[in-house]
Structure formats: structure tokens, C-alpha cells
């Protein structure tokens, strides 16, 4: 079975992590990789003062979630993420989608579609 | 057995121990308010300062400061404690020396803060030797060792000038000559380089405050005198008042309760009351504290943005400015002789003159030292080393490992 | 010169200095057991508490607490230390005041811990003023200032109730009224919000323990009395026994040697023996310590999971519960008058009544204060601010910078 | 009222309090010089050590160490302080006991450092009980409790052997038997496992130094004696000289001013002068300090690379080696009886013999204890647990939370 | 020379880093980029207790290794990784393979295949 | 409008962050995601000593910048990065280019090319 595999990358506010994770779990996603990144986007950080000197913050703390899925649920993931993250304000985040050439599960040696099926 | 001698010696010994822990305070304040990539370097400088300070004072400094007076200008005898008396100022000689030796290292530490994050380790070590064998003992002799300022009636109870103003001025010269940190002034604009660990810095301030009760309280060398407890209270009030005034002034001026300035405020107040701790009233201490908190913030802004001297921890403003002004304020607030207590202008004049003499001397001596260092071994590390951090380059180690 | 006066004054002065460093301990415990995004806010609150505490006590608190008694209810005189005697309780007035002033700030600090991570900075400041000008001095007057509890024979050696129980109850009211932290109770389930720096928290506990030797040992105000050393030993034993009992009980109950509870255990034991440190035997101290360690863990579970009052550092259980029960335990364990030593129920009754009066008063006064604050300026920061952390929003700075 | 008794009791009480804070120093040094994944475990071990140490000493240790002598070998009486005198050695019994009890826990703490990062929590607890009920009191009896070494004229002023050498040797045995940390020796090559927080480690060293003024200065139990201040100065000089010698030697040997070795250097110097602090001259202290700094570095290299005993914090070299050699050095540097002061070889012989006896006894006793532990409950955690860190596995918590 | 370039992403236990790096070095891989990530997969973290309250850990610390190589050794890298990482237990990790459009070595300006050849 | 979207990944020295960010801003790039990574490349770390024992550092701290752009400016981004980063020394860094299947802006729901246009 040679279905197309995609990676969905969501970059958004750190505080949304819990809620996003739960929402993704509910649509059956179990594999997620999270990293802390610094984002530079349309959103500008509040100017902070340190000892009276302005401190421009143009790198804001963000989280990046990477989710690799088979073709069908890509849209579902995107819709779910949009539902959870959308506030209409700057800083809501961006979603990037990439093609994945292959996936291997080390534990079983399965490849491709099989490697993404959850079972113990 | 003289009971007063024992009591006072005991108190001075305990005070010396309290002053010792101030070195932990200085180290933490410096570490907390600078970048993590230089933390090991700062730690090393602080340990070296203690090591050099006390030994230099033993071999040379004590003799120059408290040895037999030569022309009201310098002491000269008692090196390595040869031929010292059994008791001094009503305490046993040993505790007197201990207290003085631990004081000595403080002066150099102040300089280390202002020059942090870009100064060559070995250059600092050389300066530290000069500061603890010449600068501090010489000026200290004038004030406390029977020199001409003492004769003139100049009053500096616990070292508002002898330690803090002198150290702060040397810090100004050093910070000016070594130049600012990479990225501090970009295209004429001042950039903030935030400290990396505020809780550690705050712990440092509280440890310093704790030790200051020994620094000021111990400077009476006399636990039988009510002045000792009085000094402890003025120390408490000076620090408390300045904490609050710096907090409020930072809110007024920068619209935010600034942590760095509030913590510096506590120190500014402590420095401010140091020169007069035993001579001012409680309200005097509170007023000086309030003023110190505000003046320190103005001074930080002035050095940072106007003079463009880069002082990562605010040592010049805290120690130099508040130390000097606090000593002059003795001429206003001393209950015995101060202007506000009907003493006229004479004490005020003496205090001002004394401070000017001391800070000029400190400025000249440290300027000469740093210029020689700059021309010979160099003061500043290379830009690459500075950007990568002194820890990896000079010490081959990182302060923190997280992975 | 009265030698005893000098000795006792010296001891009280040193004890006051030891109590001062407890503020560093409180700050570190709070910082360590909360999230990193609020560390600066906590530091700021602790500094403000010291600043306000000692000055408020000077201007108002001392007069209400130790001024001339009005109807066994409150003192009223000696504001700003006007017309104070030369000596009090066998020590010089200055050291007496110093010791008391540094004590005063402790009470408010306890509250700061329980309300951490979501309370408005300015609201806390207002409460801190109220606590150190009214709540602590008023109740303190009843117990130590010649008020009706003192007259009744109520015993609280070093402040098990006057400081800890009162502070802990105010903490309970405050934590209840401000409400839990975001995410603490989700869909009826309790979630753990782990502290971000256990080593700093542990350092805080050891610094507190260190200062506690001054807190308890100094409360005799008398170094010539064997009770001073006795109190130091009961302090050591109470802390040690509770450390071990909390450790064991956490293993039994939660199958793991829990660090947070063990560290809290040490504090619970110290609080537990505070009220009776000079009146109980060594075995009494060990038994109270063992009990305090276990009761504290039960109390933490009770407030956290049953009452659903969110107390990030366990201040309510440690100070409120163990302070109250420790004071009542004096009625059991006091060698002179305690139930277990043949004293009958009378002291036990007085202790219980006294504790109830004090914690009720504290509850009412702090409830009124917090309710007014809630209706006017508000107690809790907005959800957004809370989630982003108080440091960035209220102070415009992060505690740690790593990149 | 005997004024000397009060003065000396007061000094001993204050010293005991200073020694107490050394536990914070030990904890921080250990935490700072190990990996972050084991920080909670280390904190827990240090708290348990304090808790067990003081209570074990109360129930058993004191009686064995200072109880009525049986055959110059062990004491046996005064358990739980039954039938103890009112005063001992010119101080009140309570402060004497307090000082001794806090000392006791120190010995076990040293072992904890050398075995850090891989030892089972419960195994350490058992050892800690044995160390504080048997090993330390037994050998301590020989030296300080009226045993045969005391009778022989063996001198150990503040515990260079009784605390440090004994602890260091037990640390060697323990570290050897538990085996090295995962990854320390790979394919015969030594790998460095850097500490994760140098500033905390440095704070620990300064806190230890601060407490050491109580450890050494308090060991006279006599503030009226000039030896007290003398010991404080030798303590200051020993630490300072060793800091500088270790720094210089690390530069010479490893081409870099090594932070870990410099900080260890300070401790090595402090340990080095402990046995003779009251008996050596200032120059003697400086010379011993310089030697200690260098010898410690050689010893660290020897244990690490030649013997391949993995000691994360250098406890064996700092406490074991410098404690032993410092005690022997008393035979060289004691102004009264030392070889260099015309005293001939007799004292040197006694010192050497005494050290050999003590460290052999410590080695045998700890070997037996550890071997039994190894055969029964096991000493080392599983490889998986070690790699994942003791904090998560044994305590279910991480020391730091950053996200 | 226009060979296909791929990126291999390995997500696994942090403690395997050293061994994996050595194994990859041995098959001639020198360029590796490592980051700390948090993983949410089949593996559930042990429930920890904090002050008696259960603390669900469902984000476990993982490492992500990224290795960009030319077509041929992709399989070799995967085989090597599998050999080192396989224990048969949950948590062994996953490997994702992506296509890379281009590679540039900043130092020399080389592109594509050339940019991946190691030489100084 | 269906233009090709690409992701440019730049791995280089941490200290270059500020300068690189400014240069990219000047060519009109506003969206950047930055992460701290550890790099293992041709460059070897200085051997450090810790308590006299050599400490081989073969993972050096690096930063990774990810920039998603539409086809046209890919070369411009690469040229800009090369200009800023090039010193000719080992450690200058590498640039990887990937294809992106889709981009979604959560705030507006825009997809593809539109999601990458900056406007508030």
C-alpha cells in the first residue's frame, strides 16, 4: 500500500501545547514531536525595559509541533489545529505541509504506511 | 583578663566572618546580572580576588595602611605582621587584622563587576594585586591609618569612601578604558544586555545585606557601645528605604517595577549609609536611603546612555556615586556636626574635600595601572573570544550544562 | 556597665542578623517551588516585603505592638520609637527593636508564597502594608505585647502562632480568594505544577534552618540562660525528625521519596517546635517533629485535593497547620505545665483557646483586606498574563536567559 | 555566674550554627559538580544526612564517642544524653553537644559526594546510619574522646583526620566498590563528565569557607583564648593560598585556569589547615595551603586516571588526602613540637602513626559496611536508571523545569 | 552530477546519541545536526508524583538527528541506525526520510552533491 | 496562484543570528523560525579540559534558521545568507532547501502563496 505521507508542521504559541495535543489525540494522532523555537513573524514582542534601557524582543518563544501522517488525515489535522488555535490575532501561528519520502519504525522495522499505524 | 577586650574581639571576629560571606554576595550579583557565557570567568575572578586580597594585605597592604606613619601619607612597618601590638582599638590584634584583611579584597571586587564580560583574566589579576597592595592601603591610610585626612577630621565610619567610592571610581576608569561590551552600543544606540539569572543575583544582594551588618556593625569594633546596634538599624533602614525608592522611581520613570534597578537600589542604600551609619539618626538613614535609590537610577542612566561607559552590574553608580555622596551626606546628617543638626558647613566642607581627594587619587592610580596594562598585555579579550564567551576560551569550560 | 546587658544584647543582635538571612531562604523556597516564568515577580515581592516590613514596623507597627497597652487589646505609643526606654527585657532597646522589626516582615512573606504565580503585584504590596502595620502588630500585642492572651498565660515562645500560624491562616484566606492557578484544577482533577528549581529551593530550606537558630535561639533574648542552647537543640531536632518522618511518610504514601515534601518536612518540623522550643524536652522536640512531618503531608493533600485551595509552596500546611498545632502541643509537651508532664489540661486549654483566637483574628482581618482588594483593584492578574508569566508582563524581564 | 563559661558557650553556639550552614555548602558543591539529572538525589541525600546524623548522634553516637571510656577504645554511657554533666571543656553541655552533633553529619556527607550519581538511595542511607553511629564516633573517641590516640599525644585540632581523612577514606572505599559512572572509562580512556552548574558549586565553596570559620575557630571552644582568632586567620590563609596555588598549578599543568580545580583548591587548603589551625604560624598556614592546592591536583589526577576510581567532586583528594597530610603536617609545622620548629621527629611520628591508624580503621569499617550492602541490597543502580538519571527514577521528579 | 539528495531524520532516546554518532561516523557520515525535542508517541512516560499529586508525563525527552546525504547511502544510514537503536521496546524511535531540493556549503559556495563531500 | 513554495534551512554559528536576521529583514523576509541545535560537521571543537581530563567537544552549538518563501526569492535568500555568513573558515555553515507542499496562516485561513504575504 503506497499512500502519500506528509509532515505537518505547526508553529504557534507555547501555551497552546496542552490543548492542541489533546485535540490531536482525539482525532487519533499519537505521534507528535515538539520543540521550542524562537519565532520572528508579523507579531512584534512588547518592548521590555532592562535597567531603563529598551530591550527589543523580536524573537518570541514559540513551539513547533511536527506530525507525520498519511494523506487522508492531513486536512483533518489542519482543521483541528485551526479550530484550536484561531483567535484572529497576530501570533496565531502558521502551518507548513511537506512531503515525506519514507518512514521507518525502528522497533518493528516496518516502513511507510505501516510504520504510522499505532499498535503495540 | 579584660572582659571588654574579649567581648569586642568576639564581636569583631564574628563581624569579620559576616564580611567574608559578602564575597559570595558579590560573586552572585555579578554572575546573575551578566551573560551565562561568562559566569565561570566571574566566579574565578572572585575567588582570585579573595586569595590575592588577603595575602597581599598580609604581606604588604597592612604595613602600608596601618604601619608607622610616614609624613601623614603612608604607613611603613608591620609587614607580615612583624612587631604588631597585642591589641588595637580595644580588640585583639588578630581579629583586627582579620577584619581588615577581609575588607581589603572588597575594593577590587567592585572593579571586577564593572569590567565584567570582556576583560582579560590575567589583566584583572594584575590590577587586583595593585589595588590590594597600593591603592586601597594608601588611601585607606589617609582615612583610617592616621594619615592627613584623619587628621583633618574627615569621617568615614565603615568605608563609604575608603572601600566603595574608591572601588567605584577605579571601576569607572577600568570600564572606560576597557571599552564597552560587543553589541552594547550599536550605531549610537544603547542596547540592553540582560543578566541571565535574576534569582541568583537577588540571593547575592540578600547575602551582601546580611554581611553588611558585619561590615557596618563591626566597624565600631565595640559591642559595648550602643553605636553598634544603632549602625545595624541604620543599615537595615538604609537598605529598606532605598529598595522602595528605587522600585517606585523605576515605576515612575520606566513604567515598570524594574528588578535590576530595585536590587541595585538595596545595595545603593546600603552603600549610602555606610560612611555615616553610626553618626546619623534613623530618619537620616531613611532619607539617605531614599535619595540613594533615586540617585543610583539617575546615575545608571547617565553612565549608560550619556557617558556610554558600559557597566554591566551598575557598580559605578552603586558604589562610586552612592559611596561618595553618602560620605558627603555625613556633613549634612551627622547628629554631631552635620549641617542639618546645627553643625554649620565645616564638616560638610571637610567631607566634600576628603571625598574629592580620595576619588581623585583612586582615579589617577587606577588610570596609570590600567593604561600600563592596556599598552602591555592588553585589557580586552579579542572580539571573537568575547562573542564566544570568556568561559570557553579562557577557562575551557561552560558554567551550565543542560542537555 | 552591666555585663549581662551587653552579652544578651550581643546575642540578640547576632540573632537578628540570622533572622534577616531567612528572607533569602523564603525567597529561594518560593522561587524553587514555582515556575520559572514567575521567578522575578517572587524575588520582587520578597524585597518589597523586607523594605515595607521594617519601615512599617518602625513608623507604626512597633507602637501598636509594644506601645503602652490600651485595654489589653492594642499598644499605642512609641511610634517612630519616640520615648522608648534604654533597655527592654534585659537587652538594649536598639537590638530589641532590630530583632522585632526583622521578625515582622516574616509574616507577610508566608502569604506571598501561598498566593504566588497569579496575584497582582500591587495588590500584594497593599496587603503587605496592612499585614505589617495592623495584623501582625495587633495579634502580636495580645501575645507578646502585654495583651489579654499574655495575661491569660498563653505561651508562644518564638512565634509558632504569632508569626507562623497567623501568616499561614492569612495565606489560606489569600490563596482561597485569589483562586487557583490556571491549569491547577482541570475538569475536577488536580494537576501537579512542578517547581522549576529544586536545588535553589533546597538551599532556601537550609538557609531558613540556619536563620531559625537565631529565630528560636534568639527569642530568649538571654544568652546567659541555658534555655538558649536548649532551644537551639530542639530546633535542630525538630527539623531533623520532621525531615525523616516526611521522607518516610512520602515513601509509604506515594511510593517515592518525594523531594518537595521532604524539604517541606524540614520546615514543618522547624515551625512545629517554634512555639515551645524552650519549654519542651529533646524527645518532645523529636516527637513534635515526627508528627509535624506527617501532619504537613496530610494537610498538603487536604488543601490541595479536598479543599482545592492552590498553595504552590505548601505555606498553609507548613506555617498555618504546623504553627497552630505546635502551639497547642506546648500544652502537651511543656515540661512545666504540659499534660504529658503532669500539668493537667489547663495549659492545653489555654493554648488551644489562644490559637483559636489568633487564627480567627488573622482570618477575619485578612479576609476583609483581601475582599476589599478584590473588589477594588482586583487580586488576580488576567488569564493571559498568568499564562505568559508575571515576569514578562509585570516586570518586563525574564528571570533566566539561556540562548 | 561564670562569665567565661557564658562567653565560651556563646561562641561555641555561634560556631555550631556556622558549621550547620556547611551542609548547604556541601550540597551545592555536590550539585554543581555533577550532572543535572541527579541533582534532586543529591539534595535528598544531604537532607537525610543531616536528619540521620544529628539524631543518630543523640541516640547512639555521643555515648560511644564521649561516654565513659572502656579500655581507651570506645565510650559507653550518656546515650540520649543521660547523666551528662552541666559543663564540658568550659562550655555548657548543651552547646558542646550541639557543636558535636552538627560535626558528626559532616563525615557522611563527604562520602555522598564521591559516590554521587550512581549509588542507590537506600544503600546510602544505611551507610549514613553506620557512619554516624559507629565509624565516626568510634574513631572520634580515640582522638577526642579520651581514647588511646589522645593518650599517645596525637593532635587533631578541628578534625583534619577525625572528620576529613576518615570521611575521605570511606569515600575512597565507597567509590571504588560502587564502581565508576557509566561512560567515565570507555575503552580504557578516561572521559570527563562535567558538572552542570559551576556558579552553584562556587557558592557552595564560599558557604563552606564561611562555615569553616566556625568549624576551626569554634574548635577551641574558647573565645577568651587568642588561639581562636589565630585559627580563623590560618583558616583564611590556608584557603587563600591553596586557591592561588591550585589556580597556578592548573595553568601550568593543563594550560588553562581550571575552575573545578581552583574551587577544589580552596577546599583543599581549608582541609589542610584544619588539623593544625591553632598550632601553626601564619606562614605555616600559607605553606600548607600552597602544598594542599598542588597535592590535591596531583591526587585528583592519580585517582581519576591511574587508580580509575571515579570521584565526581574530588572528595577523596580534598578530604582524604589533604586531611591526612594536613594532620601529619602538624608534626612539621606545630610551633610547639613540630620538626621545623626544633621539636624533633617525635610528634611527626605520632601524627603519622595516628593518621595511619585512623584511616586504616575507617577503610576497614567502611569496606565491611559497603561489601555487606553490595551483597545484600546492592550498591549501584541499574545501568538504565543511571543513564536516565536518579532523579526521575528514584524520586520521580526533575530538578529543573525549563519549558 | 545531479544525484538525489535526502534528509534522514531520526527521533530516539537521548542516551543513544553518543553511540549513534559513533556508528554514523564509522560509515563516513560527518555532518549531523542534533536537537532536543519532546516526543509524544506510543510510549507513555512513567507517572510521576509531585507533592503527592500525580504528574502525567506524556511528553518524553527525545533527540532528533538530521542527516543530509546523497541517494546511495540513505539505506546504509537507516540500517546503521536500526542496528544501533533496535531493542524491540517501545521508545526505539522513528526514522523519517525527506527529499532535499538543494544544499549549499557557505564556506565554498558549492552546491548539491559537491556540498556534501567532506574535504578541508 | 500556484507558485512553488520552498523552505530554506540555514545552519550556522549562533553569534551570526542578529546580523543574519537584519539582512533577511532588509530583503523583505519577515517570517523566520530559529532553533538552537548542536552541530557535528567538519569543524571540530577545541579540546577542553575539565579537572585535567580532556573533554572532546564534537557537538558544537549552532543555530538553525528556517525560512519558508515563494519560489522567486529563494536565490535571493541564499545569496544574502552567503554574503553575511561567508568567512572562508570551517564552521561557516550549510544551507538546505526543501519543497513545501502547502502553507496555512491560522489567523486568516489563507493558504499557499497568500499565507506568506505579510500584511496586518
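Per-chain residue numbering starts at 1, and chain names A, B, C, D, E and F are given in the order in which the chains are listed.
Convention: contacts are C-beta pairs under 8 Å (C-beta built on N, C-alpha and C of every residue); 3 or more make two chains touch, one makes a residue touch a chain.
Since the model is a prediction, treat every value here as computed from it, not as a measurement.
K.L.:
Which number of steps is the smallest that gets you from chain A over to chain F via touching chains?
P.N.:
The fewest steps needed to get from chain A to chain F is 1.
K.L.:
Suppose you list every residue number at the chain A-chain E interface; are over half of them used by both chains (same) or under half (different)?
P.N.:
different
K.L.:
Please work out the Cα centroid separation of chain D and chain E, and write it as a whole number of Å.
P.N.:
45
K.L.:
When the C-alpha atoms of chain C and chain F are each averaged to a single point, how far apart are the two points in Å?
P.N.:
52
K.L.:
What are the residues of chain A that contact at least two other chains?
P.N.:
In chain A, the residues touching two or more other chains are 35-36, 38, 48-50, 55, 98-99.
K.L.:
Mind pulling the chain C residues that touch 2 or more other chains?
P.N.:
3, 7, 10, 14, 194, 197, 256, 258, 260, 396-397, 402-403
K.L.:
Spell out the part of chain B that touches chain F in their complex, as residue ranges.
P.N.:
Listed in rising order, the residues are 183, 387-388, 392, 396-397, 403.
K.L.:
For a test of understanding, state which residues of chain C touch chain B in their complex under the given definition.
P.N.:
Against chain B, the touching part of chain C is residues 1, 3, 6-7, 9-10, 13-14, 16-17, 20-21, 23-24, 27-28, 31, 39-40, 43-44, 46-48, 50-55, 58, 80-81, 92, 94-95, 97-98, 101-102, 121, 197, 200, 394-402.
K.L.:
Which chain A residues qualify as touching chain F in the complex?
P.N.:
Against chain F, the touching part of chain A is residues 6, 11-12, 35-42, 58-59, 62, 64, 78, 81-82, 85-99.
K.L.:
In the complex of these two chains, what residues of chain A are touching chain E?
P.N.:
For this pair, the touching residues of chain A are 7, 21, 30-35, 68, 98-107, 109, 115, 118, 120.
K.L.:
Which of the residues in chain B end up touching chain A in this complex?
P.N.:
190-192, 194, 250, 253-256, 258, 260-261, 264, 297, 300-301, 304-305, 314
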